[in-house]
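Written out below as structure tokens is the structure these notes cover.
Per-chain numbering from 1; labels A, B, C and D assigned in written order.
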Amino acid sequence: MNRNFTSDNVTPACAAVMAAVNAANAGGVPSYGGDELTARLEARVAEVFETTVSVYPVATGTAANALALAQLSPPYGGVYCYEAAHIATDECGAPGFFAGGAVLLGLPAADGKITAAQLATAIEHAHSMGVHHVKPAALSLTQATEWGTVYSCAELAALTAVAEQHGLPVHMDGARFANALESLGCSPAEATWKSGVDVLSLGATKNGALCAEAVVFFDPVLAANFERRRKQSGHLWSKMRFLSSQLLAYLEADVWLANAAQANATAAALAAGLAALPGARLLQCVDANEIFVALPEGVVVGLERLGFGFYRWPAPGLVPAIDGVSIRLVTSYLTTHAEVDGFVLAAAQIASRH
Amino acid sequence: MNRNFTSDNVTPACAAVMAAVNAANAGGVPSYGGDELTARLEARVAEVFETTVSVYPVATGTAANALALAQLSPPYGGVYCYEAAHIATDECGAPGFFAGGAVLLGLPAADGKITAAQLATAIEHAHSMGVHHVKPAALSLTQATEWGTVYSCAELAALTAVAEQHGLPVHMDGARFANALESLGCSPAEATWKSGVDVLSLGATKNGALCAEAVVFFDPVLAANFERRRKQSGHLWSKMRFLSSQLLAYLEADVWLANAAQANATAAALAAGLAALPGARLLQCVDANEIFVALPEGVVVGLERLGFGFYRWPAPGLVPAIDGVSIRLVTSYLTTHAEVDGFVLAAAQIASRH
Amino acid sequence: MNRNFTSDNVTPACAAVMAAVNAANAGGVPSYGGDELTARLEARVAEVFETTVSVYPVATGTAANALALAQLSPPYGGVYCYEAAHIATDECGAPGFFAGGAVLLGLPAADGKITAAQLATAIEHAHSMGVHHVKPAALSLTQATEWGTVYSCAELAALTAVAEQHGLPVHMDGARFANALESLGCSPAEATWKSGVDVLSLGATKNGALCAEAVVFFDPVLAANFERRRKQSGHLWSKMRFLSSQLLAYLEADVWLANAAQANATAAALAAGLAALPGARLLQCVDANEIFVALPEGVVVGLERLGFGFYRWPAPGLVPAIDGVSIRLVTSYLTTHAEVDGFVLAAAQIASRH
Amino acid sequence: MNRNFTSDNVTPACAAVMAAVNAANAGGVPSYGGDELTARLEARVAEVFETTVSVYPVATGTAANALALAQLSPPYGGVYCYEAAHIATDECGAPGFFAGGAVLLGLPAADGKITAAQLATAIEHAHSMGVHHVKPAALSLTQATEWGTVYSCAELAALTAVAEQHGLPVHMDGARFANALESLGCSPAEATWKSGVDVLSLGATKNGALCAEAVVFFDPVLAANFERRRKQSGHLWSKMRFLSSQLLAYLEADVWLANAAQANATAAALAAGLAALPGARLLQCVDANEIFVALPEGVVVGLERLGFGFYRWPAPGLVPAIDGVSIRLVTSYLTTHAEVDGFVLAAAQIASRH
């Protein structure tokens, strides 16, 4: 029984994806994306999102995000985001590197979700500063957020309306997009372009792929020359079919959505189980597959001693001071309810001893 | 009588600097810094700072700062600074552009002065994040700060000790270095390398020059290849003597120090005069030549109507809420006590009418 | 029977590599290269090259080359290479992008192999230009070359001696390193660091892998902070084991060397067969697995009509004018002697008809 | 009597320019280009070029060129130019740095003038390479060229027509634009936008200014956001009037055109005098103010011993082998016919002794 709740990136690729990769291993195939699987992928993404798209598979989320942002922002531009967004804190400065100096303009939030009002104020400030301030260039939203919460479509629409009013295109970091979609219960189209999103980093690696993300442009005009950005940064594969095949397999409903549903359901169960423990406090809404919870220190230590995997994780800056120790737990498409029950039971037993 | 307190960059060049520029206008002079004046400048800076230096004149403060930081930080590096430092808010992303993607890691402060403890905590956090976080690469301190305050030598030493412990070189943005030096009353050496500073952007433009700053390296090893950075960014002048001559003239004690003394003294007088007004509150220590003061709205409006020049300037984020309107006033080497008295008198008259 | 001689990148991954990828698909594995397979890879590369190494797997040759060059050259640096090297003509400016502006300084050659004398002259010219010229920063050699030739160890040693004399580290673009090694008949160590190479882009994708290259530093000091370059450019995989497993499987002697031997042997046979045709002329020595040959136009057209795959490929600039049409043929680890015979026979039959 | 013919950048600023700089030294002037002189400059340039323009003064030619090219080319773009253009050989990689990796695509020429046919062929080659080649992004022409020749308006029109056909904007490096204009005898408009030029680096430093060049956009759309590029690269002066005043004074007809006329006339006289010497051969047409001439070695040595200043300068690669030593001589707005006569006489006397 798996006791590792550290991240959804410690998972293997799921069976459907591995089968597709093996099936793609034919010879004599045109290289650099000229193959049939890559063509089918673009058609499939268009079908899933119910609109014309330009799709660029890459191997990592950092590549997807940074390439997308470089497409949206000039070197003298600024990208608005949550101040502790993954692009700002976990990608080693990739957006600035890809965009030749562009700056991330972080906005604070207790739950990882910035607001339309914050964005409007920040843009106005920038305009008041003139040429000394980087040019407001884009908005980037993480969905699901770094704190496991999910923007509603209404929240997205409010934010993207402000962006549009100021001519800023909108990027969505969807490393856990399937989890967010499952949580929202809406269509992929509603969760993205119908809510004002222009470019999506569509993650698959955390939810069943081996190494596959796709940069999806809902406005082909925005994608102009993007293929050269990808090539110049070393992200164009000669044997592209190995990337495209993963994404094709992934985007079957019984793969990406089913995988996300399993991760979300076990997260909800885990959250509920932990919240019922004495001295426990959920620190964020568990909208997707991440749980941030404060537990009594003895419980945390006890779980660590039993070999359960999770991270001690400081609560976000704006959350009121907490008792106990704040930890992060992440479920995945492979997490079972039995594993969840095992974790909660162990925590309860330790708690009862204190 | 001058009523413009908006900035010290609206001043003309002082007589000594203009005389030097005119005197430098000979022909047949070796280009690109091979001239005698440029050689003399390096010797003069060494004399002023009592140590071996490498000196690179450039025309703007943004160039000086960004070139210096690019020399200290790789593209995957982070530069610690006050979160609203000039390099972070007023240079249109120059540090990231020059350093190929490097990131500014802003730390909060109510008075523009970050602390050694903040820096230590931030570096430790970076180390805990590993490769996902930019590499801690440098520390940049503004002296005098953006809020008109001045780091004491002890404060500098504490900060630079933390930096040194972690292998981070230290940059000082000295756009108003002469004002800070005058305020500290110590030697240039004590204010810089003896307090752990490795590279200084030595400003002159705001204090009497036409367009001259110097990047001063106190450790020549750190300056390796810097001349190519300057050339590649278009900041190497063919007729370099026109830059060097300004700085040579500026660094006579009766120019740079006398100019700064005049600016500081009139700032102190202006601050004292305003602080005595009913309803007025100084928002920062006036260590150098900038005054941040809250005045009753009627007074501010009245002064504006009379044609006095200054900026409404939001108080720094960490300062408690204020009554009235917060404004910024800047004195310069040309400001006279009569001008200060005129401003204070006008403010008092308006205040008495409310 | 395969008739596609366009490139060795249209091949599938070989059985050993695919088996390793499937075997690596376990769960609960530490991410970002903290896994056991990645650790074993570094040990295996050290064993193969008989020295201490730092090894960084990436998915593409462009990434390997550009990351390596960015590590060796500052933004104001120049990298000497053959003027039509892959890095100069086929990577969409990747070296300049990764290195923040660094320039490739191309040297002409009729056979893709530059000489020590050329390099020495070029460096001397750079020094005579001073700060106006980019700083000579590195030497990059392609092995096997873009024209299918292979530098001898003596040629390498002469070139790298000049580089070392001027303090330039040496990069080798080894997209077809196994083919070159097989051709040289020496050890991997002799072909690289014993001949003065500091960093190798060790290709596998063209010779049996799915998507795997490794940046191999023979001097760990040169690798300082390289992991952050890889991360910042989006080339650090969370599920790194999928890259490492490919390379581990590849570096078994009966995989990489056997694969290369098959490609080289069939190339030699193909070259010999074509050279014997009336009106044919080999344009380059066939040291590895690429053949550049001029054939009568009627023969080329005839082969195209029969569905054989190859590129019409202009002869290098310095080669004397040729009769006929110049084409490129590439064999791979999958090419059989029967396929070669089929091609030669078809060409002979067409030729006999003209 | 001046004996220094090394370059036109060793000259002082001319009297009109220095007078303007001194006159501009008033106080209370809006900073960062908000001043009246800067506004007048744009109007004056519009008048001189008979069209709407956007004008951005900077201090160096490298800044002007590299900023302009960064505006025209994305990081994944290529800029066509003469292979030994100043931007390619003398600016330490500035274009690549400013444009985030963009590449200069050099075309050979014996006289520094590339042709429309060369350009067309090169662009077609790029298109045949697809995503692996940088995107053809711009054309840059130097006028007068690095070899002292001048493109005729017909030559310009032919080149820019090819560029326009492929959607490439055209930059002109006019470090010696006044000399070229004087040589052409046409209007500034005819020499630029009427011949298809979109952006001009209008040089003044070599022809009488202290430190002033202007980036002139003839199509304001192309100038979008250029002010942030200038700011981000540290080329926006706070006391901009000191730059603008130079350019305003310079653009009086009796300054820039008269200065250029003097330089050109003395160059023509010098060329004629030298060409008449036994064993001398002019290597290039002397269209502007640079002379490339081969003289017997004894004459060159003799002139050097007499203290005349000039550079030994290798003839361009495509010029047939020469006897003697190739040198470069540059005249300036200050060169007198007496100085020219002195040089020729000295050369003749030395020659007569051999």
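FYI, a contact is a pair of C-beta atoms (placed from the backbone, for glycine too) under 8 Å apart; a residue touches a chain by one contact, two chains touch by 3 or more.
All of these numbers come straight from a predicted model, not from anything done at the bench.
A count of C-beta contacts for the chain pairs A-C and A-B puts A-C on top.
When every chain is reduced to the mean of its CA atoms, the largest separation from chain C belongs to B. Centre-to-centre spacing of chain A and chain B amounts to 41 Å, using the average Cα coordinate of each chain.
Averaged C-alpha coordinates put the centre of chain A at 51 Å from the centre of chain D. Mean C-alpha positions place chain A and chain C at a centre distance of 36 Å.
Multi-chain contact residues of chain D, defined as those touching 2 or more other chains: 75-76, 91-94, 97-98, 100-101, 131-132, 134, 228, 231-232, 236. Partner chain C is touched in their complex by these residues of chain B: 32, 74-76, 100-101, 131-132, 134-135, 225, 227-229, 231-232, 236. Interface residues of chain B, counted against chain D in their complex, comprise 2, 4, 7, 9-13, 18, 21-22, 25-31, 58-64, 66-67, 91-94, 97-98, 205-206, 210-211, 228, 231-239, 242-243, 309, 334. Every residue of chain B that touches chain A in the complex is listed here, in rising order: 75-78, 89-94, 96-104, 129, 131-134.
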